[in-house]
Amino acid sequence: MFKFLHKFGSPPYFYNFINKILPYLYIIFFGLLLYGMYGALITAPADYQQGNSFRIIYVHVPAAWMSMFVYMVMASCAVVVLIWRMKMAQIMLISSVAVGAIFTTIALVTGSIWGKPMWGAWWVWDARLTSELILLFLYIGVLALYNAIEDKKIAIKAVSILVLVGVVNIPIIHYSVEWWNTLHQGPTVTKFDKPSIHIDMLIPLLVMAVAFKFYYIINLLHNAKNQILISESTTSWVKDMVKKQS
Amino acid sequence: MVKYASMDKINFQLEVKNLSCIRSDKLLFKNLSFVVRNYNLLEITGKNGSGKTSLLKILSALRLPDEGEIIFNGQNINTMTYEYYSYVSFLGHHNAIKNDLTAIENLSISCALSSSVDKENDKDINSVLTKVELLYHKDDLVGTFSAGMKRRLSIAKLLLLKNPLWILDEPYTSVDLSGIDLIESFITSHLKQGGAVVMTSHHPLKIDKKYIKNLHIK
Amino acid sequence: MKVFIAIIKRDLLLLSRKPADFYNPPLFFVLVIILYPFALGADSEILKIGAAGLVWISALLASILSLDNIFKADYGDGTLEEMVLSPHPLVIISLAKVVVYWFFTGLPLLLLSPILGLMMGLPSEGIWILMLSLLLGTPVLSLIGAIGAALTVGLKNGGVILSLLVLPLYIPVLIFGSSAVNNSIAGLDVMGSIYILSAFFTLSLVLAPLAIAASLKLSISN
């Protein structure tokens, strides 16, 4: 098992592996996306209180979940970078930042669009929205710090420290709806109880969540490919590849 | 933390294996290997920007090498870093002194920060200040010193702390000719007592050749 | 540990030689608070309701203003490098520097807060809780801020990035600090917020110095 994982530590092996599996990932992603959107827009029944405007949940919730998931992936990479200094962890960390920021922005924007008809306001300063906004600033801070430090080997370590310091925010976001009485909807899916959501509404949601995960992986791998090329630009295998292509 | 009696009682060996350094995506040097022992002075030469300062920083465990390792008495310096620091005195481009403190206050702080905590007594400090010809200015704020005087104060630190391995990055900067002679005499007596020096310099060294090894970085 | 005391003495000595560094943060704190009545109108009701939050925001801003200075001077003259090269644990040295930093930023705020709170019409029940929240919260601001300062000390325009990095991390402290005071005025439970502030205090006291030391080593290695 470790041998299998260890091979990924080698950049050329990983690069070729990415190229091999990307087509399959695209197929799975589009398949899930279509199935999820069909369920979201067609099969799921209209909500009792909100009518059809609730359907934005199928983008809003997966985006919000991904915003936290990506940050946790980054935090795990950060630990690996600081303790073991693995190259692949460095690449995965920096390749995830932009996607994470985008998911966070989508969550905030779709939430805002949803909030207007539901609560009558584009924005409220409740716990969950505020902490999600903080998360966006954390992502932006990570990008800013990484770009500000010229030596990228140092930059990735600095960013790793920053990511770990900010990880405290994630449980705050997640549990904020339980700890405070907020305007935002309480936990409906991620509780240990039976989900309080109708099954026909739930399935497209879960499908979309998985679809978004695949999107993340695809985006991550594309960025990782670029990062590998950049950081390995002086090695022979990259130079050979460039020669072959030209 | 290590406290030791006198320098020639410690035998030490700094072994560098296959060192390489990349800075801002530029490869500065590769496959550098050498050994530094007691009574050695390693003179590192090379053009500006060739990586001399980066090499000294790597040897001082301030910066990690991109490849290779540095072994001090059998242990990697990047795993026993705090212990290694108790053997090393580093003099970089900056003088590591505060302008708002007096000469004596600066030396006291350096003592407190070093492993030689019990060495802070007035007699030692005064004698060291005398050696670098700054005794008259001991209670003056360093901000009033000339550049040459500030450099001499940092040399005074080296003499006070008595660490066996000196890593010096262009120690003669801002120093006049008589100052250079003074510093070279300190280096020579440090070597005679069993210490070691790794240094870069743009000036030709007038120290006894028997101690000197040269490393040129292209 | 001896080196802890030595660094504190050193920084206090340096502060005494440059008194401006000591006066600026409390001065800024007072100036910002004075601005509120001008901006919000002399209507004492608005000031009263917002007093806790406004005092807290001013504390935040005053803290950020001086953050750049914790390590910059030492970085510039090479003494930070000397501290990293010390055989003594960098964690202890970092903590000592943050303690002095809090002494001239957090402590004056703490001592001035009752006067300023009263000036803004904060009822007396709120004053004690305000002081307690600042007592717990300002060290957290100093500790977290020092991490940001350590990460950006080597950068040219570090100050701008520093605020960007540090403010999102400050917001939870702000939320609980001001809610403690507002709850006490409204007669609601205060201890929840106080417990959380204590948790922040303990966590940051234990973990921040590690992050600060790691960040300093990183900044020096460039």
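We call the chains A, B and C, going by the order they appear; numbering starts again at 1 in every chain.
Definition applied: contacts are C-beta pairs under 8 Å (C-beta built on N, C-alpha and C of every residue); 3 or more make two chains touch, one makes a residue touch a chain.
None of these values were measured; they are calculated from a predicted model.
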**Study point:** Most central chain, Cα average position
**Key:** C
Practice item. Work out the mean Cα position per chain and let me know which chain is farthest from chain A. Key: B
Study note, to complete from the structure: Note: of the two pairs A-B and B-C, more contacts are counted for B-C
Check your understanding: Just curious, how far off is chain C from chain A if you go by their C-alpha centres, in Å?
Key -> 33
Practice item. Mind checking the centre-to-centre distance between chain A and chain B? Centres are C-alpha means, answer in whole Å. Key: 48
Revision key, fill the gap. Rounded to the nearest Å, the gap between Cα centres of chain B and chain C is 37
Study note, to complete from the structure: Going by residue number, chain C touches two or more other chains at 221-222
**Study point:** Residue list for chain A, restricted to those that touch at least two other chains
**Key:** 150-151
Point to revise | chain A residues touching chain B - in the complex, by the definition given at the top | key: 150-153, 234
Point to revise | Residues of chain B that touch chain C when the two form their complex | key: 1-2, 57, 60, 62-64, 82-83, 85-86, 88, 90, 92-101, 105, 109-110, 112-115, 117, 141
Exercise for review: Provide the residue numbers of chain C that touch chain A in the complex, in ascending order.
Suggested key: 144, 147, 151-152, 154-155, 157-158, 161, 164-165, 167-169, 171-172, 175, 203, 211, 214-215, 218-219, 221-222
Revision key, fill the gap. Counting only contacts in the complex, chain C reaches chain B at residues 2-3, 6-7, 10, 13-14, 17-18, 76-79, 81-89, 93, 220-222
Study note, to complete from the structure: Counting only contacts in the complex, chain A reaches chain C at residues 82, 130-131, 134, 137-138, 140-141, 144-145, 148-151, 154, 157-158, 161-162, 164-166, 168-169, 172
